[in-house]
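These notes open a run of structures that come right after.
In the two assemblies presented below, chain A is common to both, partnered first by chain B and then by chain C.
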Partner chain A sequence: MTAADAFSRKKSNTEARSVRILTFKIDDRDVSAREDETILAVARQNNIYIPTLCHLDGLSERGACRLCIVEIKGSPKLVPACVTRGREGIEVITNSERIADYRRKILELIFTERNHVCSVCVSNGHCELQQLAVNLGMTHVHYDYLYPRLAIDASHERFSLDHDRCVLCLRCVRVCDEIEGAHTWDVMKRGINSRVITDLNQPWGSSSTCTGCGKCVQVCPTGALSEKGKSVAEMVKRRQFLPYLQLMRGVDRE
Partner chain B sequence: MSKMRIATTWLDGCSGCHMSLLDLDDRLADMAQQIEIVYGPLVDALEFPEAVDVALVEGAVSSDADVKKVRLIRERSKILVSFGDCAVTSNVPAMRNEFRVQEVLQRGYEENVSCHGQIPGVGVPALMPQVRPVHEYVEVDVFLPGCPPPADAIFFLLSELLQGRIPDLTGKSRFGA
Partner chain C sequence: MTLSLEELQQIARIEKDRREGFQHRIKICVAAGCLSCQSATLKEAMEKEVSRRGMENWVDVKGVGCLGLCTAGPLVFVEPDGILYQGVKVSDAGPIIESLGAEPIDALHCSTDLPFFARQHKVVLENCGRIDPERIEDYIAEGGYYALYQALRNMTPREVIQEITRGGLRGRGGAGYPTGLKWTTVAKAVNATKYVICNADEGDPGAFMDRSVLESDPHRVLEGMAIAAYAVGAAQGFIYVRAEYPLAVKRLRTAIAHAERLGVLGNGIFNTRFRFDVRVRLGAGAFVCGEETALMASIEGRLGKPRPRPPYPAEYGLWGCPTLINNVETFANVAPIIRNGGAWFAGIGTETSKGTKVFALAGRVNHTGLIEVPMGTMLRDIVFEIGGGIPRGGRFKAVQTGGPSGGCIPEQYLDMPVDYESLAEAGSIMGSGGMIIMDESSCMVDVAKFFMEFCMSESCGKCVPCRVGTTQLYHLLCKITSGAAQPSDLDKIEELCDLVKNTALCGLGQTAPNPVMSTLHYFRDEYTAHIEDKVCPAKACKMQPAKEVV
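Let's look at the complex of A and B:
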């Protein structure tokens, strides 16, 4: 028996033994899913759109933004699709008036909490937050803008951090910890005072753990993390490396 | 049919939205039969007139004069459009909100000038403590984001209003534009 045979036998054995297949409904469509798949993953496989912000294929789920909320028939509670698994026989609704309303409100709160001045942002035209406003039909906010006074950390040689644009999705924290293995990024304080930090809240440029790989910059959905030297609308994120990471993580899991 | 009476104004903005309005080019000329521009930087009228059908308000509310003006516009207009990002979000003008007015004035009129630094006090409107979007002061009927909103979106807005409909602008423009 070759090593390859052994590998494939082992793999199919595991599958037969442990993975259950569920069937349930999303937006009145019958779907089947492995029991360990999230509602978001299943919806995507079936080309059903659920808006997301903190989710990024290739990173662990965080459930931070709540834009992916969906309804499950018979339950008054809305659940985040990116961290909720399917269950046999449930009926998921991804787009009702109620959900659309809540999603817009969440988005409005994100916009009012920091200073997202799209017109002068490095990420103008390439920003996931800006695009979500279009997708969810948000043309203005119903809350008061907070206009907080926030700092920019431009101490790193090649990158800068602008807290004005940060949505606390924590993709930077996850990619740095899970993929690069440096864990330079973290979060300090709580709630509305939360901030992403490098090392023990010291200037990024003086971080002793940062490898300068730039993955955090590329996964950041907004202009919060950017490459130096980029002017308004010039910062286009390059995510080509993510599918490879996903693949590697997939092999890990088998 | 009587013409639709349109007024346009800019508060704390850069006039870019008005430039975009002019970018309608011949479409604006075609519309001339149906609309009359009764007030704004493009026409010669001193006072904001009564019985305006549609008011396009560019710019954020930044000074005491803006507050007065936007309230008068609301009173005298059937439909008030929050026209462009400064009106809708306060946009760039609001970048001063992180500082106190006095700090901003000092920076602009004293620290950054090469001679005769002096903060103007007479004959100019007083700045409000913060720049705020139009809808925080008066009720707004239509929001058209964009910096500036594209000419096509403005054309759609006016065409719909001419048909007597409140336009659904979803997907026609975006913040930052």
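Let's look at the complex of A and C:
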């Protein structure tokens, strides 16, 4: 759980009796929101599209992929919608030319970082990263690919991990820690050398903490975590369990 | 045990009498710079020479903190004659003792009339090189812990904050945030538990200001923290020091133990109900752990990675409690402000930047070392007067301030006053106080590449723009310095700088493009020379020969 998330939860628990309701604007539309709701949540309620990658309903927020950045009128600073709460009277702009341009470039950077070769990927056609490229109109990548040499961990009897497809959203780390309670996943190293690991960087198959629940696989936005036996384009993620988990965590109270 | 004012004054008196008892006092710098040229053995040799001659009762030999002119170490200062010796070897110990009270040794003599010394104004470093950092009595003799007494006994927390605000002190950790305002915010936060943190992670390459303060005068920082804790209502403090500073850590621990024993830390300080404990926490040397949210995560025992702000530490800090976090030098300014009043402090410096600033002078300048000057001192004075100009008749090219978050300031700004606003206008930042002077032999693209490599390898890897953006920028800069770049690469660099600056999660990423942007702004021709003519004007980069066009 991130500190920011704990913060919002603490607030919502103690102030459940008297939550202030705000009104503000998103893309010229008047919206109302509880003061503890993020701009992203309010936008979604109003069917306003804001792209996200690291965010997943039911998990704590990281504010790390930066795809959900929005503008607030009168401020030069861009803010991530997934961790920023609304304020009375502000005007949020979710899709200016400037934001669209930044989002496309951020997405391009993700594509250059690892080896995202859709045509041979188990998740082809069911991949959030691929879908984002379509949604954001990213037609090509104009930065150099970094082509890192990365390994595959296929030591688990039912799942496999392909670092080539990992975008470091850390949904696997969060779901395993926050929902399953196993904390098998974590990250090692830093910067461009960051890698998700199981236990203390031991092969997944030899992990003594992994319960084999497979939640990490289902929340993974790309083909980085997949079920064994799936071939190209066959890996469809099943997220039906997430609404229950949200109920369990008391995040979505509507 | 609590201490009374009389006891505090008595300690000061006894210590002063003790000093007066000596005819000669020899101060040997045992801060990191001089220590690295064997000043510890020099101190032993000096002590041996004194005892061999049976002069212990009238010659005092003590190790002190940084004397400033680190290039010329080991430095030895003889009082009361006020003679400074430079480059002192172990074999010089005997002759120096012999010369006491007679003519100083010419060969070793270093004039203290040099602008390097004369042009400085010491507030933060007032005790550096004067007191023994491992003896609390020495600090007390210089008026130490009197400000804490004054704050606790004669001022309300609000009055303390007002005094700091009146002084106009701004954070020395980089961004220059008004300290009084930060304290007010934490003071106003409602919570039973609050914390005070001293940020001593000092990770900028070439910076050693905080280190010198901690190694030379650790009690000053403790006193500042205690006053801050009283002002904001905290009872627990942490000092987050990087483990690469073992001497600072050792001296801090000694200082804390002495302060606790005397009762200026702990329960019921100066017979009030105020309680304050300080603990030292070690960082493992990740630059990003200097960022406040990452630093707090690290203290909590979690991965040292930043999180989005707000919530700010003042509201939601260490373990979710309101937390005041300030830099070492910020805290070091607190006791003098309380002692002399905010108006006194506001009288030093410029309209918007009050007080003094410590800089670590490095690079192509004759006198490298630690200096403290009033805010608003002209850059030219720092480089040519205090720094003594460029060695071997070289030509000044630029000065880099603010480390990896800062920029390069070219010659046309030499007559600029050094304060927060002017530096920002020139495209750099004050930062923590690193100042690297460069002459014609430095290639500005190479400099930008150096800092980008630093940011790339220090990026925590959490957000995409910083993690991948700095890597891409580094690769593009490598292409330029190796002669493989095309004109379009420059566009990509500018684009990426803008992207990373505006979309990264924390200050590391948001400021990482600064060295590139400022060198591109002032030295664009150097970039184009690399790209189009495949030559490095400073002859610093190894370029591939230009491809023959058929």
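Please note the rule applied: the second predicted complex is superposed on the first by the 233 of 254 C-alpha atoms of A that agree within 3 Å, B and C clash if a C-alpha of one lies under 4 Å from a C-alpha of the other, contacts with A are read in each partner's own complex, and residues count from 1 in each chain.
Just so we're on the same page, a contact is a pair of C-beta atoms (placed from the backbone, for glycine too) under 8 Å apart; a residue touches a chain by one contact, two chains touch by 3 or more.
Owing to the predicted nature of the structure, the values given are computational and were not obtained by experimental measurement.
Novice: Using the superposition on chain A described above, determine whether A:Asp144 touches chain B (first), chain C (second), both, or neither.
Specialist: In the superposition, A:Asp144 contacts both chain B and chain C.
Novice: On the A-aligned overlay, A:Leu109 touches which partner chain: chain B = first, chain C = second, or both, or neither?
Specialist: In the superposition, A:Leu109 contacts chain C only.
Novice: In the superposed arrangement, does A:Pro80 touch chain B (first), chain C (second), both or neither?
Specialist: The answer is second: A:Pro80 touches chain C but not chain B.
Novice: First (chain B), second (chain C), both or neither: which does A:Ile192 touch?
Specialist: second
Novice: For A:Ile72 in the superposed arrangement: first (chain B), second (chain C), both or neither?
Specialist: neither
Novice: Looking at the overlay, what does A:Gly63 touch: chain B (first), chain C (second), both, or neither?
Specialist: In the superposed model, A:Gly63 contacts chain C only, not chain B.
Novice: Scan A:Val120 for contacts with chain B and chain C and give back first, second, both or neither.
Specialist: Only chain B is touched by A:Val120; chain C is not.
Novice: Looking at A:Leu168, would you say it contacts chain B, chain C, both, or neither? Reply first, second, both or neither.
Specialist: second
Novice: Name the chain, either chain B or chain C, that contacts more residues of chain A.
Specialist: C
Novice: Of the partners chain B and chain C, which touch A:Ala133 in the superposed model: first, second, both, neither?
Specialist: In the superposition, A:Ala133 contacts chain B only.
Novice: Can you pull the chain A residues that chain B and chain C both touch?
Specialist: 144
Novice: Give the list of chain B residues in touch with chain A in this complex.
Specialist: 82, 85, 88-92, 94-95, 97-99, 130, 132-133, 135-136, 140, 143-145, 147, 169-171, 174-177
Novice: Given the complex with chain B, which residues does chain A contribute to the contact?
Specialist: Within the complex, chain A touches chain B at residues 111, 115-121, 124-125, 127, 130-131, 133-134, 137, 139-141, 144-145, 147-150.
Novice: Using the touch definition up top, name the residues of chain A that touch chain C in the complex.
Specialist: 2-4, 6-7, 10, 62-67, 69, 78, 80, 83-84, 102, 105-106, 109-110, 112-113, 142-144, 146, 168, 187, 189-194
Novice: Quick one: in the complex, what on chain C touches chain A?
Specialist: The touching residues are 286, 288, 293, 296-297, 303, 307-308, 311, 316, 320, 456-465, 467-472, 475, 492, 495-496, 499, 502-505.
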